[in-house]
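Both of the next two complexes hold subunit A, though its partner changes from subunit B to subunit C.
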Partner chain A sequence: MADQLLFFIEVVVGGLLAGTMYSLVALGFVLIFKASATFNFSQGAMVFFAVLAFVGFMQDFNVPFVLAFFLAVGLMVIVGLCTERLVLRPLMNQSEDTLLMATIGLGYVLEGLAQAMWGVEVRRLDLGIKDFPIPWIADNLKLFISAIDLTAGIVAFGMIIGLSLLFKYTKMGLGLRAVADDAGAASSIGIPLKHIMLLVWSAAGVVALVAGMMWGARAGVQFALVDLALKALPVLIIGGFSSIPGAIIGGLLIGAVEKVLEVYIGPFFGGAIEGWAPYVLAIFFLLYRPEGLFGEKIIRRV
Partner chain B sequence: MKPIFMTYTRGDLINLAILLIVGVIVIPMTVSSGYWYTSILIPWLCLALATIGQQIIMGYTGQLALGAAGFMAAGAFACFNLILRVPGIPFVGALLISGLIAAAFGILFGLPSLRVRGIYLMVATLASQFFIIWMIDKFGWFKNYDSSGIITAQDIVILGKPFTSPIEMYLVIVAVVTPMTLIAMNMARGSTGRNWMSVRDMDIAAESMGVSLLKTKLQAFAISSFYCGVAGALFAFTYLKSLEPVAFDIKLSFKVLFMVILGGLGTINGAFIGAAFILLFPVLLNYIGNNVFHGAIDATIISAIEQVVFGVLMIIFMIYEPLGMAKLWETIKIKIARLFSKT
Partner chain C sequence: MSSASGNILELKNVKVVYDNVILALHDVTLKVPKGKIVALLGGNGAGKSTTLKSISTMLASERGKVTGGSINYDGNAIEKQNPSQMVNMGMVQVLEGRRCFGHLTVEENIISGAYSRKLSRGDINQELEKIYGYFIRLKERRKSQAGFTSGGEQQMIAVARAMMAKPKMLLLDEPSMGLAPQLVAEIFNIVKELNEKEGVSVLLAEQNTNVALKNSDHGYIIETGKVMLEGSAKSLLNDDKVKELYLGISKEGRKNFRDVLKEESKKKSKIKVN
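Presenting the complex of A and B:
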């Protein structure tokens, strides 16, 4: 019995830690949604683009780790700049669906560019952290928790705290929230809309890079990252599109639930229910709480 | 987004007659190379039919659904199993029943549309995409317990005559696609279509005008996935000639979505234009790669470039012409007509 309980805890913890990766992708999404009310469908492609560039710099040009990281950050800022200038500004005041479809296009561009520049083969990313159980925890608590999962969890947690503080206590964060609330009113009192947008897209780019590094270290840097990142969408539905804590809790929930379902119910159906379980979970949430756990209620008028 | 066509004029009927003559008489008589049928005409018509399905739900009813490939898979495997398990079932009958089965899935996964819209609905329909493919993949019954994962599709037999050569298959497809396109056009311009469009343009207003959202949305989902189901069955039986769940992954759904958007939201002919473009552009790129650069560019790079171009075009169309190539075509026609009327 104790063994079973221990195994259950292991499954849940493993799921929670894997869930932080979904949270990281969802976080980038929330940042952009908060500032520009745009559903950025290309967040998954940004993850792929950022981490592939990072690995490419390291492996193809022998750039040291830190420099490659900053080069990739710089690249993501450029992507943010181009997106703001070439996609978002011409589409200002368009309907949400139009913007969404434009970001689907943007995602295609990023995926294509990444593959044209760096090739299509799977690349290994070694962060110096191994994907095996941490001995200390395994010995003392009898839980097998992967080192890379734990690192990802800590990094995600750190980023969330940092971003939350940024949003709450800095002038920039205040401007961001103002823009999110009413872009027109915000710009009329002198908040530089363009800078805010650029900042937000760059921040989302950096978040994407970090998420990609964590994922890439675990499963290799490959195109499948884009599909994995799609799972950030159910996360957002559960957490609410405009809430940073929501993205985190949604990610954890999806991570834990999909692992538990996979381990305990999956075998009855031949496994691999992870692929759709999060989406079905999201549908149930939609039926009962369409605004998500922490989202703001959407009121529509004629 | 407003529709472009509301009524038929004499010109439309003449166009239809010309298209039919070209499609049924001129092409089969002049084109003899199998390549044109198997690689261009057959996939074009199949995908155009699926695009009409996506068009109905997205372009006309305004529901952002992203699961066309899932419904296509449902149709394809339904058709396979019907022919396999029901002795003596006519092919057209199997095709229609597969469409109905896909429609049932469409209604089921369309249910969330009653509560949510936009990206929320997109996520809900993604569930259908992943679930249907998983279901077919995991339950051996659907694949007749074939362990290789790839099943050869049965031959198309209509009234005892097998239709197996490219040209015969093409004629079967034309015989299915033509009436379905005409029916779609009629639905779109009739009261059904007006209900769809009223839901698209402002669902709350439509509801207060007495349009039942429940009925209209589910009807649109059912009809849309019926079209996708039939298209999927045709696609598997004539183009792929095999059935494997992987062929209907999310990439195909995105492809169909692109066909709708680039072709033009809310137009039936846009479905054909969009499908042709998405299908032919890679062929053109490969041709350029092989003949201009003599294979100096790697095939993976070419497909990456193709992705970039599709993405850029999508953004450009969203910015400058949200109604897509069909609208562009209309504008060009009007300009040409003006040019001639001046002289």
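Presenting the complex of A and C:
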């Protein structure tokens, strides 16, 4: 009995840690949704683009890890800048549907650009962290928790805290929250929307890079990352599109629930249900609580 | 940098079109002398908000466009500026319906008004104290979420937020909307005080003709996008047509301004014929 309980805890903890990554990606979506009221379909492509660039810098140009990271961050800021300049600004005051379509287009551009620059083959990313249980925890708590899960969890948690502090205590953060509440009123008191857009898209780009690195380290840097990032969609439906705490809790929930379902119910379906179980959960939420757990308003798009 | 005439704002024959087809302003000409309060009066859909938005350049975000006439603010022609440039030039609009940031605290709302100014923390706190001097009520509620404050408090937040940008000119869009008379009086008192002590010029759009005229120096009455009547606040308050249409009850039921003017001209022409 104790063993079973321990195993259950292990499954949940593993799920929660994996869930922090969903939270992180969902956070990127929420940022953009709050600032420009559109669902950014290019977020998955941003993950792919960012991490492929990072690996490309390291492997093709032999740039050291830290420098490659900052180069990739810089590149994502440039992507944010170009997006604001070339996509958002010309489409200002257009309907939200127009913006939505534009993000889909942007996604294809980023995917194509990434592959044109760095090639199409799957690349290995070694962060020096192994996908094995941490011995100390395994010995002392009898829990088998993968080192990479734990690292990813800590990194994601750290980023979420960092972003929250940034939004709470900096001038830019205040501007962002003001724009998120009422963009018209924000612009009437002189908050320049283009700066806020740049901040948001850059932050989403950096978040995408970190998420891509964590996933890439486990599964290889490959095109499938684009779809993996869309796992944030059920997270957002459950957590609410416009809520940062919602994205965090939604991610943890999806992570834990999909692992538990996979382990305990998966065998009845022949396994591999964690790929679609979150979407089923999301459908139930859409039917019974479409604004999500923490959403501020009814979801209108997507 | 002010124009030679002593007016901080001058509109000449301004015409505004929404969505390229809907004509919202036909012909608006008005002046705001430096340091004065000017009331822009008229009913729903008369074009008061549109006039204010054409000045603050907020029109673009609603697909509106100034297609004729000229707007001159503080010696500069207003054409291609955006709202944030206008704020930097000292012109801030307080939008209709208050539009506070509901999830931010009262204090965060007010501080956000200083976004366009490069101020240190210390300077911001100093400015805050000064603003709280005018809005004593808000100081008590500084830590509450703005969304949970009353309508009157939200209107005060909106004005306080605009004042944090240190404007030379405020555009107030219906500050009395949905507020109890006592609160309306309180807000107009604050506006007057800001005008006297901070030297802010004010253009305010109002439906509450009585209160607006009592608190301003000059008034313009517009209807269907056209200035129908203008004059000093006192003369408008004593004007029979204004009394009948905007202040009191007409003997013959409701009418609009155009009808009254038509009747008058008819009367005049009849007299001439006779």
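One rule holds in what follows: the second predicted complex is superposed on the first by the 297 of 302 C-alpha atoms of A that agree within 3 Å, B and C clash if a C-alpha of one lies under 4 Å from a C-alpha of the other, contacts with A are read in each partner's own complex, and residues count from 1 in each chain.
Going forward, contacts are C-beta pairs under 8 Å (C-beta built on N, C-alpha and C of every residue); 3 or more make two chains touch, one makes a residue touch a chain.
All values reported here derive from a predicted model rather than from experimental measurement.
For the composite obtained by superposing both complexes on subunit A, the positions of subunit B and subunit C are free of clash and fit together.
By the touch criterion stated above, A:D227 is placed in contact with subunit B alone, subunit C being left untouched. Once the two complexes are laid on top of each other via chain A, the angle at subunit A between subunit B and subunit C, using C-alpha centres, comes to 90°, given in steps of 10.
Shared-chain residue A:L174: touches subunit C; no touch with subunit B. Between subunit B and subunit C, more residues of subunit A are touched by B. Of the two partner chains placed around the shared chain by superposition, subunit B is the only one that A:Y108 touches, whereas subunit C remains out of contact. Judged by the touch definition given at the top, the superposed model places A:N93 against subunit C, while subunit B stays out of reach. Using the contact criterion defined above for the overlaid structures, shared-chain residue A:I189 touches subunit C, although it does not reach subunit B. Remark: least CA distance from subunit B to subunit C after fitting both complexes onto chain A is 15 Å.
Residue overlap on subunit A between the subunit B contacts of one complex and the subunit C contacts of the other is empty. Of all residues in subunit C, only 56, 58, 60-63, 82-84, 86-88, 92-95, 99-104, 108, 111-113, 115-116, 158, 161-162, 164-165 touch subunit A in the complex they form. Subunit B contributes residues 62, 64, 112, 115-116, 118-120, 122-124, 126-127, 130-131, 134, 137-139, 202, 204-205, 208, 250, 254, 257, 261, 300-301, 303-315, 318-319, 322 to its touches with subunit A in the complex. Contacts from subunit A toward subunit B in the complex involve residues 39, 41, 86-87, 90-91, 94, 96-98, 100-102, 104-113, 115-116, 119-120, 227, 230, 233-234, 237, 269-273, 275-276, 279-280, 282-283, 286-287, 290, 300-302. In the complex of the two chains, the subunit A residues touching subunit C come out as 92-93, 171, 174-175, 177-178, 180-182, 184-193.
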